[in-house]
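Pasting a structure below so you can have a look.
Letters are used for the chains, namely A, B and C, taken in the order the chains are written, and counting of residues starts over at 1 for each.
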């Protein structure tokens, strides 16, 4: 119930912000918002494993890259439409996620962190060196920009800032819906049980491996969705799509926003996309300041910004909610 | 039906390196019994629990439950068959409210699947509601109903241990195995735990309990199995076990049998 | 044959530095459960300090080198006291995230701070070694590389003996094996943490000044170094010192071989490919620690 309230609150804020963006119609702001929306999809995906299941997938960007490359190859080499390539990208990412899962889901804690990270790094070097397919470091260039005619709205094109934002927000909406329903389906409760005490979860019949695979599959699929939209938006896919920097950013979004919460990753995504932009005035001190802000954030809001007091007060007025941080959504 | 034991442990052994933790352990528990497993520290009680519940693999021997050989079966699948254990340390889903913990415990009782849950079908909602009702009922049975919305890790130790039992009960076990349910509890709390055990046994749940508190053991048990150095040295009614020479020798200096 | 020997020696030199890095990472991880993402930045910072002291301020190389290493070690202690220590409390998972974010933040600060101070252009550390190679049984050995290899081996040996034989070493190992038990018997685990964090960063710093002397020094050099150290740690078996050392040499030599016989571009990928292979066959690494990690 409280999850539903929180979701609708989030949607209201998001709708308001999006409407404001479309009205102001500033290309620069729209670009930041578009990237924010795309990365919010990824943050939602990473949060399924890192926040709900409790396994720190430090190679998550792998699925972003798989989605990007699948889309690029299918549109450029096979002449598929972007929409069809997007569906294929999601499926491909899920498949890769399940394969990776076979190896990494035997591991826990820091082992899991480094193992998933190793997969990401291998993918990065494969993308650089498998030139016949990936065109090496130069990457795949000139993806056709997504464009379609919609009945009521007219033509939506990714080349147009407003069109790109609309596409990214649609993707985010899909991601929110999927995450919301999966977490509410009973899988969320099983994940939380596994996260909080895996042995206890097993002792009452929860199949940790099966639920971990489910989390990994959905999270990989969202990564593929984000990667496909990103590829369509920027029109180029290079090995840098697997870059460590992307991984760090998505992780920051989830942890700074609040692991295991609904709104946290989305709030975190827009924060992490926006703050460095705001810091541009600091010129060359921009990144050091950003680093210090991260340290401050983790010292002062270790549960994420959505756990901070104003939010907590807001929540206190609501019925049937645990008195302490909403690390998980309440009963439906 | 009542002739064949619910749980039959046959020649179970477990070695850790050179250390023999359990040596050719054999015993049986019948449906509806309340059996205690006692023995000095290091006798292998917790190892026996881990082997029966599938958290450790035996070096040799097998566990037969309800006529099925459980060898190699994962813990969660054993739980699905109604063989559920609790843990020595208070084990709860710390970040969740007490009632949510218990609902999580009723995982195997969910009738609607994940797909139904995903689409929020009426069946899934009914299922959810009934699991909540059942969870509150279990909390009431365990005297924790006033704590339903408290966060599990905020509860005092004694209540966390009782919550651990409630979580296990929510899965509606056929055989409930409890690992030292009263360890670390004060006299009043111990009393209420034994009352809970008595009540659930009366409701038809077979109970197998590792226990240190002799008052609890002697007052509750239909039968007591005594373990020493990884072997069964006695398996009889409380009165006869209390008089058994081997048992007295094993315990001498450890603590007195009240 | 000569090139083979040459490549093995090159690999051993780099591998020695990897072993230092990985041992430092292992100490920090093993004691505090911190996956230190700023490890490579300490390595970078030490190299820049050596550059600053010797090239800019004219301090003699053999004086500047220990000063650089000790200063970074001191910084490590400060980081542990002011940052890492405060992140305890809360669940184990939260601690893992908090320390990761904190060390990532620190690495961003250090890397970009170094860029502000020293610029992005790679620097060379002037070093006092003769440039002509020493010929040994037909193999050309550059003196600086020989120095790197020998210093690393000596430090690793001293560290090993110190951990096994001294009281401080035994206290560190006890805390490493079982933190709660160590605290229970009255070991000052908090101070041991500080000592270990300082020691761990000093090992990274040493690797930095050594490799910085043979190659170039630039602000982003720490990123790949951190990754390599992670690889070594997982190769060797997390939490295992012999594993970290063996893994370091193994990675160094296999990279050098891959660069010589397969392709220079694949050099950096080889370690991660080996990791994936090792994980599939032996998820606990080559020489796993006895300690259970969860």
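In the analysis below, contacts are C-beta pairs under 8 Å (C-beta built on N, C-alpha and C of every residue); 3 or more make two chains touch, one makes a residue touch a chain.
These numbers were taken from a predicted model, which means no experiment stands behind them.
The touch graph of the protein chains shown is a line. Using the mean of the Cα atoms as each chain's centre, the chain most removed from chain C is B.
Between chain B and chain C the centroid-to-centroid distance comes to 47 Å (mean Cα coordinates, whole Å). Per-chain Cα centroids separate chain A from chain C by 32 Å.
Distance between chain centres (mean CA atoms), chain A to chain B: 41 Å.
Residues of chain B in contact with at least two other chains: 94-95. In chain A, the residues that touch at least two other chains are 195-196. The residues of chain C that reach two or more other chains are 91, listed in rising order. The residues of chain C lying in touch with chain A in their complex are 29, 33, 35, 83, 86-87, 90-94, 96-98, 100-102, 104-113, 115-116, 223, 227, 230-231, 233-234, 238, 263, 265-266, 268-269, 272-273, 275-276, 279-280, 283-284, 293-294.
Of all the residues in chain B, the ones that touch chain A in their complex are 53, 55, 74-77, 79-80, 84-87, 91-97, 100, 103-108, 110, 112, 114-120, 124-125, 128, 132, 149-151, 154, 164, 167-168, 170-171. Within the complex, the chain A residues that touch chain C are 50, 54, 56, 103-104, 106-111, 113-115, 117-119, 121-122, 124-126, 128-129, 195-196, 244, 248, 251-252, 255-256, 259, 284-285, 287-288, 290-295, 297-299, 302-303. For chain A in complex with chain B, the touching residues are 181-182, 184-187, 189-190, 192-193, 195-197, 199-208, 214, 260, 320, 322-324, 327-328, 330-332.
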